[in-house]
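Note that subunit A is present in both complexes that follow, paired respectively with subunit B and with subunit C.
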Partner chain A sequence: MSGLIHLLNSHGLTEDTIIKATFYGIAGLTVLFAFFVVIARNIFHSALSLAVVLIGVACAYLYLDTEFLATVQVLVYVGAIMTLFIFTIMLTADVHKKMSLKINPRVLLSAYAAALILIILIKIINAGPWLPEVKDAVPLDLAQLGRSLMTNYGLPFEVISLLSLAALVGAIVIGKTEKK
Partner chain B sequence: MIPQNHFLILSAILFAIGIFGVLTRKNAIGILMSIELILNAANINLITFNKFQKTPDGLGQIFALFVIAIAAVSAVIGLALVISIYRNAKTILVTKINLMKW
Partner chain C sequence: MFTLLNLTNMITTGIAVLGFIAISAMFLIWWERKVSAHIQTRLGPMRVGWHGILQSVADAIKLLLKEDIRPAGADKLVWWLAPFFVVVPSVMAFATIPFGKTLIPKDLNIGVLYILAVSSVCVLGVFMAGWGSNNKYSLLGGIRAAAQIISYEVPLILSMITVVMYANTLSMQKIVESQSHSWNILHPNLALAGLIYITSATAEVNRAPFDIPEAESELVAGFHTEYSGMKFAMFFIGEYTNLFIISAIATTLFFGGWKGPLLPGVIWFLIKTYSIIYILMWIRWTFPRLRVDQLMGFAWKFLTPISFLNLAIAGWLLL
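Moving on to the complex of A and B:
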């Protein structure tokens, strides 16, 4: 690994440029596949692209020094939720049937609305005077995170577990077939 | 290092794509997937501010964890509803579902 970095350094590439290049590459790929999620004609393909987007977002979490959340993202989203989506697609939609995205006024209007939201958001992001960035922030380690989940944020944590239980029971009740 | 604004712009792009998907998709599963995109965009924002701003004991990370949990719950309930609708209406195109229309 250090030999590789040395080789790249000898070609005028510093570690910083490599980090930047990988980040922008991953971000571009994420956006590309996100586009694919909303315009793919086959719903199954769009589910697979969503998995790529979720992994790309997990990589962005790694760049933000939150390894635990990247792990949770891959486990929960890519592992559990994507499986659920793919099972539901197989149970309901006709996978072979192509869903054509016709360019009609409704789609154009939605594209205008989305583009407008994007432009406004980017203008706000670039204009707003943010608080100064903390340069040498120490990333929170896992033990501290767990401790604050159990002490300061104990009540929300319990509420989330109650919500999960309710969702579990509710999903079974909604999904089961009624006996005739 | 990568500046804060670039993470925020990535999040804004994902959010806008998600909005576009919610507005144009006719398939109920497609709408749910677009909602997942929007929730991910929100999560990127939370974690970005957690890194670049002073936050008390990882507030952004804990918020993001709760958002992931609620996204999982909403996906489970949404997909159970989709299956139930499919069983009753034999379609999951939101333009064709009119069971509640009087």
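Moving on to the complex of A and C:
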């Protein structure tokens, strides 16, 4: 064991370098799976790739020392939203058919919209400093987070829940079958 | 810099957790067979070792040697990855389970949330198994498991939040500390939360009376119908590890964790956890299976409103 430790330390391999090295691997995988979400020929594969992407984003939060955000990301997106996605996919007919790459008939229009978004994103990213000065991460005080959600950010919080409620009611209205 | 201490710590913790999972799962499988047998006035496994105690070891060797059969129309990668998605999250969940005062892999300050988040990934594995097998029984099992887990996750989380509100912390170790004087289960508000937790946790791990995802009489074996050999064994290990985890969480949240007189903490923790597992086995072999609609109705029309009410009462009492 001590030989291994000596070897690791003598090559300058500290925990910090390992954290950096794994970051690029995970970030690369996240982007790769994001690509799979779009190009997968099968909708179930797309959904699974999306789940991997969301886990990858949670890992990115971990690298930023925000464990709480990472946990909530996995709990809400992978645990709840992806489960619902996949559940819905399983209920659709012909899920086992190998679907071919769907070419959208409005492919030009979509490309135009995508290009516009890209330009906007580039403008926004260029507006601020690239790689801003990183301050040492402050450990997140959960009590304070909860308090500010209930006081300072009370109104946006409630508006979001109202929005979810509206979506819920909408889903029920769409899903309701007329009795005849 | 790496130091000898943290590297050895990491490695020994990992090995200890993996070893514990393997032994605990094999023991639980044997125990479940014995309990079910005695409830049905049978003897259960008797031939391998004393009262068949080595039966699980023999089964494990058999499963290791079995041929790994893949159904013809299976979605190769999805089918191959599914068992890992079931086992790995349950191994990760061990990171914040307090076995004793210092016997906890890592006492995260968001421990409860961490366990919930990690174990919620398991359902992806169930989906993948159900869908990748290219078998209608597997697919139906997967759909049922999904519906059930989504539904019962709501009362499960709400009942855990009630405990968190009383303990004022999300760390597992501090929740244990908050029960120094009396167990949470003795508090009327939290006793109800405990009951809701045990009920919905039973549903989360697909055990009878909530075992419609693997209802043998309807679905052969549900999502793992097509699996054989070691992959099947991995689903089994995952299932029994999850059973241990939900009981360990129940011990920590409601039964005072590792606290107890005379005996060392880890012994108390194991006694309490395995007692809860015994009760869950007892329930499994006593009650009949619910229908799908009864199961859903029970979650949404009974458990969820009651746990919201309980949460509201807890909030009112605490203010």
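Everything below uses one rule, namely that the second predicted complex is superposed on the first by the 133 of 180 C-alpha atoms of A that agree within 3 Å, B and C clash if a C-alpha of one lies under 4 Å from a C-alpha of the other, contacts with A are read in each partner's own complex, and residues count from 1 in each chain.
Everything that follows uses one rule, which is that a contact is a pair of C-beta atoms (placed from the backbone, for glycine too) under 8 Å apart; a residue touches a chain by one contact, two chains touch by 3 or more.
Predicted model only: the values in this text are computed from it and were never measured.
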Comparing subunit B and subunit C in the superposed model, the one touching more of subunit A is B
> Touching A:68, do we find subunit B (first), subunit C (second), both, or neither?
Replying inline: both
Tell me which partner A:91 touches in the superposition: subunit B (first), subunit C (second), both or neither.
both
Q: Would you sort A:51 into first (subunit B), second (subunit C), both or neither based on which partner it touches?
A: second
Which partner chains sit in contact with A:78 here, subunit B, subunit C, both or neither? Use first/second/both/neither. second
Dual-contact residues of subunit A, meaning touching subunit B and subunit C, are 68, 72, 80, 84, 91
Within the complex, subunit C is touched by subunit A residues 1-2, 4-5, 8-9, 13-15, 44-45, 48, 51, 55, 67-68, 71-72, 74-75, 78-80, 82-84, 86-87, 90-91, 95-96, 142
Subunit A contacts subunit B in the complex at 16, 19-20, 23, 27, 30-31, 34-35, 37-38, 43, 46-47, 50, 53-54, 57, 60-61, 63-66, 68-69, 72-73, 76-77, 80-81, 84-85, 88-89, 91-93, 99, 101, 106-107, 109-111, 113-115, 117-118, 121-122, 125-126, 130-131, 133-134, 137, 139-140, 144-145, 148-149, 152-153, 156, 160, 163-164, 167-168, 170-172, 174-175, 177
Counting only contacts in the complex, subunit B reaches subunit A at residues 1-10, 12-21, 23-27, 29-30, 32-34, 36-37, 40, 43-44, 47-48, 50-54, 57-58, 61-62, 64-66, 68-73, 75-77, 79-84, 86-87, 92
Note: in the complex, subunit C contacts subunit A through residues 1-4, 7-8, 73, 75, 78, 108-110, 113-114, 116-118, 120-121, 123-124, 127-128, 130-131, 134, 139, 142-143, 146-147, 149-150, 153, 170
